[in-house]
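Shared between the two complexes below is chain A, which pairs with chain B and chain C, respectively.
So, the complex of A and B:
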């Protein structure tokens, strides 16, 4: 596969380490009433998507960017690649 | 000897005769021959024995689809089994032998299997080798093992070199037959970057094997001219002997180039290159493969595909027989007869199913003698050219789950609508079965691709050629009660397919696995469609309803050696050496692999009988005076920024925000699920500057997780990370004389206990100005420091330290002594931090701060992970001091007779011989361990046959109060 890195252009997937569902960005609030349940869901309950899925890839043999790659798990077609930091801020993980 | 089958030179080079041998017989061929064409020229028809029945077999095809003529090439370590004679290029001195027979090829005693055929039908393994159970190991398995496979490996290391390579192009053209040449010319003329690859050593595809004309010259001459034009273009890379074997995601293709297989000696050059080709567009021009018709005894040497007969006679000038009959369901049969007649070969009969005549049986044990038709004709023939039609080579179109679609007019599967992105298909591979159509499709596909990429297509017209007749009326199988072969390589007959259907294995994927149809080196290239047709017939369905099996790469065999490339032996993976490596080598170190690092394990002194002598000496001398160990391999991460302290507070389970500048703290890292991940120390060199160490093994994953936390979880913290593992050489200096030694190399830094106490750190200089970092931390439990210098000074540093330590009789120590001392001190390491343990189990439960949010802190509070009756890390000593403990032993109560899941109390994780205590010591996890101090248990070790009484003690075997490290 080829991942079109937003800063570095097209790079071979072999340069990356795969982590999984981009929902891992949404780490729960540790002080919430139901923090234990929320962390349990965060850690163990994942969707196994047959189709388009947002995933985390790490450019370990490159610039160390974490990326959110939107990829169709049936065809491997990649429709978008973003810096995970931008996605995290958009999802409200900024200060 | 005479070679009556050699008609003319064909496209071989008469001026370059080549000597070779087959089964010890010396033979002659010419440059441009394959082993198969040269064997046929020499009248060698019997070439192999079939897989299951050991039936005599000869050459069946003229290409990579060959199911029969598998041979062993070369000898000694270079021996290569299961090579298809039809694609093996002849070279002077080639040594070839047949395989898969006991006794000689002519008299194979395993041919008795042929008489047992009624018992060896589809699924006989599953039915036969069931009972009695006791027979399995003693009888069935050895017999099956002896019969399995075809050729034999040399069992010696492969003497050849294999390489990997990477190529990029705008357009990849797969195949250099008429469609491929036409496509490559069009794209090359449009100035696109083109790669054109063909598996043959002579480009041209079927143009070399037929008698067609292109642009009013013989087709093979036109192909040679086209290739010359392509070779002259800077923007075109022309690759022969290159098989594109897989179509992967996003325009990436795998290709195997055979670079020296056609030479007697590689001369040390890479034998094969595994290419990864990155293409923006591709055109598949892989042509088509002819398939046979199934009829009784259709596997005799001399029965051959009609297209192969034309290839041998037209291209190689070799007739496969002196009296050739033809059996066909399409116009190719007539063409074969015409070509042979033109060459003066006797054609003894044509059997055309379209005229309702078909072959019902054949005779001739080791070579074909006669064929018999339903019309009562008995035709004398030593070669039968069979054509059941052509199957487009759709394999690469299906590697991304595409399914081919059926076309009735050519009775074949053609590429379906779901092609790999960027791929077009042209020529026979696309079902364009005639020459003019192939040339036109190749050009059109290439022009469309380059236009799509922004190039201006060339205006040059398509090469001129005729559309030959191509009429086919499907005919698959002559019904009868004798065996009719469908898959020659796996000895699958029409009856096996009917039986598979009767026994319920009706889905094509089941049919394949039950009968082995379409498996092994040829992947059923000649057999699959015929097998599907027979299954369709048996089930009353159509062929498209029956469907095809999934096509997976590689579509042609690729040696494991090519996949391995240079990554074998010492080069299997890179080696990292520490800065003191050369010095350690000079001083008698034995090295151990830790990950990809090489670390000194111990330093052998003259007169020491074994490693224990060296390790005991290193530990004793370190604890008595001073020792030095290279600890560069520990991961080092530079953490800087205004929010660095806050960030570390989130990364570690224990608090770091309050760590004063100039101090070091031990840190425990959890995974988000609450299990311990790693530990180490972090030093605060400034308000906004920390230096973290990780374990050697987890250096990469800790850094990765920290970047994840930094970018994905807390993206607005002002903090930056750099891995500096390779930038700093670091040495532990441990022992009562450590301070005195360091005082001699450290410039202007007060090392007194008051000024530089336990867990202090500072930036300083050594040896008159070399920048350094000093940390007063101790893994050994002694008064100890770690001194770091830029890696380029590492070699000088170890030499300076050893020189300064001479007066204290300093010793270097390796990883074993390091391990002994950490076990003596009860520190957890990899054996304890094994990805399954909690902080509570390690006795570090109180370190996990509940006042802050750290990775893993919430889930580490789960009740199951904090049970009082859980495992705890404790120490162990043998009751009898002369007993040696073993890691991996399980603990059971002293009066328990039966070690099992219920009586299991835990296990020993680490053991060492303590020279100071004079006996073996251990660490391990024990249920309710903290409550069992002083108890005596059995350490039960059935693997090593040991059963030792042990006493539960504290983890700190030595200096429990830690007075030495604070002194």
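So, the complex of A and C:
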């Protein structure tokens, strides 16, 4: 698979480390009443989508950026690649 | 129809005209005591043991494709019980004991061959770790022994003992480990279940679960609704997709594992051999092909094919311990979809929905578990209690802080 890095251009997927579902960006609030349940869901439960899925890839053998790659898990076709930073900001995260 | 040497001889003399199909192709009935979703190895084993050991024969096994078309037909056929943790080891030892008597039990030739498994040791700390594992294996009644380099040299003179980076210093051996003819396992269980009255219904995809008052009372299928006292899902590889029909999210990701087989060679390998410093394992089939594999690809996928970086990694592992494998030509390679769980261990459990049971999360170790998985699932379905060797395989174990993490890498399914 070739991942079209937004800063570096097309890179071999072997340069990356795979983290998983991009929902992992949305860490639950540890002070919430139901924090234990929310963290259990966050850590252990997965949608495990068959089809288009947003996922986190880390460019370890490159610029060490985190990317959100939208990829089809049935065909391996990649439809969009963004910096995870931009995605997190768009979801209202601070830094 | 029973099998015997006389029957084979007689059929040979009479043109092999007396062989008949070994299971029926029944239409689904409107209702069963237990409906098993998935006619793979584990589902068929569950039906077989329900009928044989627990006397429950009003059972249907529903299969989307054809019987044994999933991972029972695309694995690397290794059986062993060399686990470390107390939640796992007794279960896999139970499985190995069932393998040892399987052919007599279901009167079918599954070519169970206890040709041993060697886990190579390449460093001092690894020897310590394997000595601990060898002791843990013995606690559950399994056999284990530590070999030195000279003993391995006598068995496998072709290994690269003096490799500059990963010299072979010894091995953990389980003599009772080995290989089995994987398709025959599905066929043998299917025949045994069918003979006892279980309906195996192929080309019958489950499209939903029937819910009444919050309980599961059957399934919707491509061939109409079927009511069931208990519904037992057993579809490793597709677990998340099927359980999503019941609104459940699972501690599972789907990943692809690739496997490879070379052209047929003369008998070369004495048993199964695994590389201790990378991920590579190899055995030789009775047809002569070297069957080998390594790591999963590492990203979520439902495609039954992988990518080249892992092919390279597996082949490097092979060349590191067994340079002669570079001379063999590759015949086939393929991929299978694995239920990778959050701790690398499986689930055999009731769900929070009454009447709905779940068996899955087998990672890439489901084949060796087939008999015990079926036996323990049947025990749970028949008695309502987990079997004593499968009591740790619960769905709520992460919430309780009780994962069974053989590798100790945490909630990263692609690292198990």
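Throughout what follows, the second predicted complex is superposed on the first by the 94 of 95 C-alpha atoms of A that agree within 3 Å, B and C clash if a C-alpha of one lies under 4 Å from a C-alpha of the other, contacts with A are read in each partner's own complex, and residues count from 1 in each chain.
The criterion applied here is as follows: contacts are C-beta pairs under 8 Å (C-beta built on N, C-alpha and C of every residue); 3 or more make two chains touch, one makes a residue touch a chain.
Keep in mind that this is a model prediction, so the values were computed, not measured.
When both complexes are overlaid on chain A, the residue A:18 reaches chain C alone and has no touch with chain B.
In the overlay built on the shared chain, the residue A:30 is in contact with chain B alone; chain C does not reach it. Once chain A of one complex is fitted onto chain A of the other, the partner contacts of A:77 are limited to chain B, with no touch recorded for chain C. In the superposed model, A:48 makes contact with chain C only, not with chain B.
Once chain A of one complex is fitted onto chain A of the other, the partner contacts of A:1 extend to both chain B and chain C. Looking at the superposed arrangement, the partner reaching more residues of chain A, out of chain B and chain C, is B.
Applying the stated contact rule after C-alpha superposition, one finds that A:61 touches neither chain B nor chain C.
Common to the chain B-facing and chain C-facing surfaces of chain A are residues 1, 13, 40, 43, 75-76. The touching residues of chain B, counted against chain A in their complex, run 248-252, 278, 400, 421, 672-673, 700, 704, 707-708, 711-716, 853, 857-859, 861-862. For chain C in complex with chain A, the touching residues are 240-241, 244, 249-254, 298-303, 307, 309, 342, 398-399, 411-414. Considering their complex, residues 1-2, 13, 17, 19, 24-25, 27-28, 30-31, 35-36, 39-40, 42-43, 56, 58, 60, 64-66, 75-78, 83-85, 87-89, 93-95 of chain A touch chain B.
Those residues of chain A that touch chain C in the complex are listed here as 1, 12-14, 18, 20-21, 40-41, 43-50, 53, 55, 71, 73-76.
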